[in-house]
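As written, the chain order gives the labels A, B, C and D, with residue 1 at the start of each chain.
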Amino acid sequence: MSWDCEVFKFPMASPDDMSGLESRLAQGGLDAQDIVGIIAKTEGNGRVNDFSRPLAHRCFRDTIARWAKLAPAQTERQVAFVMSGGCEGIISPHATVFTRRRVDRAPGPSKRFSVAMSSTRELLPEELGGEVQVRLVADAVRQAMASAELDSANDVHYVQVKCPLLTTERINAAKQRGRRVVTEDTTRSLGFSNGASAFGIAVGLGEVKPDFDPRAICSDASVYTTRGAASAGIELMNCQVLVMGNSASSVSEYLIGHHRLEDLIDADGVRAALRSVGVTETPTSRIVNVFAKGQVPLDGLVRGWRTTLLTDSDLNTRPARAVLGTLVASVVGDPAIYASAGWGYHQGPTGGGVAAVIARA
Amino acid sequence: MSWDCEVFKFPMASPDDMSGLESRLAQGGLDAQDIVGIIAKTEGNGRVNDFSRPLAHRCFRDTIARWAKLAPAQTERQVAFVMSGGCEGIISPHATVFTRRRVDRAPGPSKRFSVAMSSTRELLPEELGGEVQVRLVADAVRQAMASAELDSANDVHYVQVKCPLLTTERINAAKQRGRRVVTEDTTRSLGFSNGASAFGIAVGLGEVKPDFDPRAICSDASVYTTRGAASAGIELMNCQVLVMGNSASSVSEYLIGHHRLEDLIDADGVRAALRSVGVTETPTSRIVNVFAKGQVPLDGLVRGWRTTLLTDSDLNTRPARAVLGTLVASVVGDPAIYASAGWGYHQGPTGGGVAAVIARA
Amino acid sequence: MSWDCEVFKFPMASPDDMSGLESRLAQGGLDAQDIVGIIAKTEGNGRVNDFSRPLAHRCFRDTIARWAKLAPAQTERQVAFVMSGGCEGIISPHATVFTRRRVDRAPGPSKRFSVAMSSTRELLPEELGGEVQVRLVADAVRQAMASAELDSANDVHYVQVKCPLLTTERINAAKQRGRRVVTEDTTRSLGFSNGASAFGIAVGLGEVKPDFDPRAICSDASVYTTRGAASAGIELMNCQVLVMGNSASSVSEYLIGHHRLEDLIDADGVRAALRSVGVTETPTSRIVNVFAKGQVPLDGLVRGWRTTLLTDSDLNTRPARAVLGTLVASVVGDPAIYASAGWGYHQGPTGGGVAAVIARA
Amino acid sequence: MSWDCEVFKFPMASPDDMSGLESRLAQGGLDAQDIVGIIAKTEGNGRVNDFSRPLAHRCFRDTIARWAKLAPAQTERQVAFVMSGGCEGIISPHATVFTRRRVDRAPGPSKRFSVAMSSTRELLPEELGGEVQVRLVADAVRQAMASAELDSANDVHYVQVKCPLLTTERINAAKQRGRRVVTEDTTRSLGFSNGASAFGIAVGLGEVKPDFDPRAICSDASVYTTRGAASAGIELMNCQVLVMGNSASSVSEYLIGHHRLEDLIDADGVRAALRSVGVTETPTSRIVNVFAKGQVPLDGLVRGWRTTLLTDSDLNTRPARAVLGTLVASVVGDPAIYASAGWGYHQGPTGGGVAAVIARA
């Protein structure tokens, strides 16, 4: 028995536009029961009060539950819902659905795309951004790797985590129990949650040793995963993990590869990611999607020049997503790509990030 | 007698940071009396209440006046101050100073960079965005062309206009005189002012016939200049024009070229602009600066995909500048480039724009 | 047979927090089948891309449908869902549920609170902001008045309309059919939709004659309703109307009254609204909620002083809601009040508005 | 010899509008050499990248220097320039100028308004928000009290501090010297700087003992001044202090009083402040200005109800100023009042603040 894993991308006219998913399900090529994850770019602010995420989340959950004839709660357990807010600039709101199913077909000689999801228990507000979150995510990454039959971390090319953030209510609740939270700034809590998740990915993939110094979490920028991204949101309190790679057990018609981005204007890095799956000319219909994560440079500088990414109190770091989205879209020739960026840690080198590419083999 | 025209670029640590200009003036290679224009990217919101522009304007004016031993008012008359707000994303705040002086040296066989400024009378609020503005700008373009000794419109590669916008006070003043303004939405007035200025550039360059239908202004998207950009601001009520091209009378060590941008992710367009001045590899120290203007697509679509550029009520079209800045910077390898973008008309094809490049010959 | 009408207010921890409604329904004092309307303040930006509204709308609809054992579509027909985005400042996110039921009890000598809903057909994008919308809303107001057994317009103290806005897609659709929309600025379309709805209220209540000049719509500020408010949103294409007043047929334990607000700092106007239902001391548990609508002054002036309400390109008119919310809350001593404000027409005198108060008799 | 202290208020059409000050100076009733302070509400975002403040600062400095025949640098030393950004809502941009001069006239039996300024040395970025800033401000408060001949802290009714904030460059500079800054979040640095300044006011006024525990700074909300406010800005690196009170040595025609605000909708607190200078009816021409400072509640609650003041990632705490401005303006009947609010510490009880009133005696 092998895994057949598929990837479907469709536009969203709004966060509650399920027509793309519905029409795929109606056509018959996509079975709701096979869905293990959805990664969507929704058009909110990507921050604390981004309600495009819970709206899309709820609609996807209810739609899949209806087609798969499952209770919504059960759907939550078997599907990773990664709603990533923020379509600044030319990023087109869209969703990518990942499926897998057992098939009675022998795999070919070359590794192919494989994907699996896992999730952690719910976190307490005071655990967010710290060692507990790191350990839980690391465990979840390992479980999903095993499930996807990705034997080596070298076969893993992208790990996406959806994780919680702090709200005033969550902070108040922790304080009433006498506990300290990592920050009382709700917007800043996204960065800490993303950072701890990314640190956990690095531990899970063996990029960081399990006996790491916890003080490095969201502090030591030299520690990072080369293949992971996290996106925090108000709509959950646990962490959901999607691990993607190329597996010898897969008969998928897709491949995945990745490359590091040195900084937010590193077009060569995007091109290197494309080459990792054999794409040298763009635009091409071979590419299904690119998943890019970027981090605002902690010193505010890009190639030695000052930017306003850390001093614009109106926009905060929201334009970083417009930057990364443009970087990828201008190379690929497609604005329907996944780009997530902001103030954060451990998701690539300082001021840089990662680009993963899924393409037809 | 020939013209020698020079171009200086320096970073700005803040809108009132004159250290870059001061050090150039102190070094002696730059004579304040030769300055005909400054184009700066300042770090405000690029909209109505952008006070980074008047702050930088005032500081530049006072600094040049002091070094040139001129009254501030006289400085205003001989220098075009184009303060362009908005450094969203990775655009680095910086300024480019343009100088020209008569030199007793014979020009070489090939045309070289030439620049001149001109300005219109002050506009009444009710004239903004309409035919009067178009005609005034067209006249100013022709004057500056003559002054720069650019005989043919084909020799012109970039025209930059700084023009006014409407404030509540200006609207109230017009209404008290019984006059109608083009819009009572102050933010939207930027787009109308930029549109009328760009229409005027097209008329001045002969891209549009002088007996055009005035109803086409800010309405007919098929009318546009291929080499012009406008930037509206609160800090003036007239239009200031900088015309740049290559002239047989110039002995400058610089060249200028340009190319159309088909859309906001048209990296090929940027590369074509670089090739127009003979640059095929990047990064290179030959390039002094790229001046890019982009327009948000009027249907909100980029390559057929929906964007949020027209429906994000928080950011409005501010991310468009982050997009264009990244497009240029990721090709050139330099975040200190000029990029201006927003909702507007007549500055290139709908949803596209223009990129002009100044490089050492 | 009389009407018994009730009003329930509860806090919302987020737009999808149904716990307040659920607990009321579980307690038994509130029957889901009696609900005719919900007016909620949700915590989005109150503009085009406010997804707190469709999220709350969907959750309320599904919750009521489940308790009332109705299909969601049927619930939409019998309940007016007025999700009003924007809790700027100290406005606390909350919802007010309105119910009515026939009871076999004779009304008392004094008129009591009565409420009814009605709705229009769906509008075409090109109808939005014009005479068609005005006429449809006027008809709906009259229907709801009759249903609430409010014989005279003098008995009507508050009319709330929820109406659509324009998105890029809706504008593109109209243009492809060769139709013109009232504006291509999606954010500004809220003001036009609200204005046409309010004009319709004025016609429905007889404050404006049925043979009005259509050119007055969103243009003549001297035309206004003294008792109506509109709130545009992306989540519907028809107009939903809630009419409230005091009826001789009602045995409700509630009363409603209202008063005009001369400007956005008219605390006396709020106090007059309280006095209209006999409240002279605050805080008091007699008050259930205050529904206030305010309009940004078209000349930007408050008591002759310049404000930034029309020139702040970052916040646009969002702070107007913080202003109105504070005005009401600081008089009533309660931040859980309804306040909606922005650029608009016909909802009270220019720069002013209306405050309606529902109190226990 | 007595002090005669005067207070002048005038509107500002923009941050660089000096016409109000110029006309007063031209009229002759105001001598530029007597000016000790200017407190202006300018229309920027009140955060890191608020360039309305340095623009107004520069214009006021140059105008006063010209009229007083002083060098700009000397003007900086003898005048406190308190540019407070943020006119959200109905706060009208305006300035209040404070003068004092020695007069040969015996004071009357009752204490009258007296004002003096002082300033600290420049702070290093790493000193901002900590004990050094507290001690320096405390010393400056005592010096200004002595200069104003305010013998007892009970005679002091308002202390205004202007203090610096952190930018990316200042943070980078500290880190390159191996120093830690209080926060690397530039926006959040305003709150820490304001908090340390306010703590310093409390020490200077004897509200806190000089041997306080430094860990209480920006941490222990039970420590606060009842009469002080701080406003951080990018335009300076030292702290400037204006102390105001009623002195037996003053012959001013003005009085000052103050009262605590329990929360952001405490209209009774504003009325108590008015009563402290004998004002019981509003509007009245006796009041020159009200200076109000408010703090966002650290738990996000107002009177037990949840607000979005700490979870709105688009507006952050900017609406708090609209709230406080409306609170004061709706009581006083005047939108040209000073209101400053945000996330902060030590400027009144948690979630509350202070209102000081200057009125004609």
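Criterion: contacts are C-beta pairs under 8 Å (C-beta built on N, C-alpha and C of every residue); 3 or more make two chains touch, one makes a residue touch a chain.
Note that the structure is predicted; figures quoted are calculated from it, not measured.
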Of all chains present, which has the mean Cα position farthest from that of chain C? B
Higher-contact pair (C-beta pairs counted), A-C versus C-D: C-D
What is the distance in Å between the mean C-alpha positions of chain C and chain D? 39
How many angstrom lie between the CA centroids of chain A and chain D, rounded to a whole number? 46
Numbers and ranges of chain B residues touching at least 2 other chains: 13, 43, 45, 49, 169, 306, 308, 311-312, 314
The residues of chain A that touch chain C in their complex are 13-16, 43-44, 49, 51-52, 54-55, 58-59, 169, 234, 314
Contact set on chain A toward chain D in their complex: 45, 47-50, 167-169, 172, 184-188, 298-300, 306, 308, 310-314, 316
Chain B residues within the chain A interface of the complex: 11, 13, 43, 45, 87-94, 264-267, 302-303, 305-309, 311-312, 314-315, 318-320, 322-323, 325-327, 329-331, 333-336
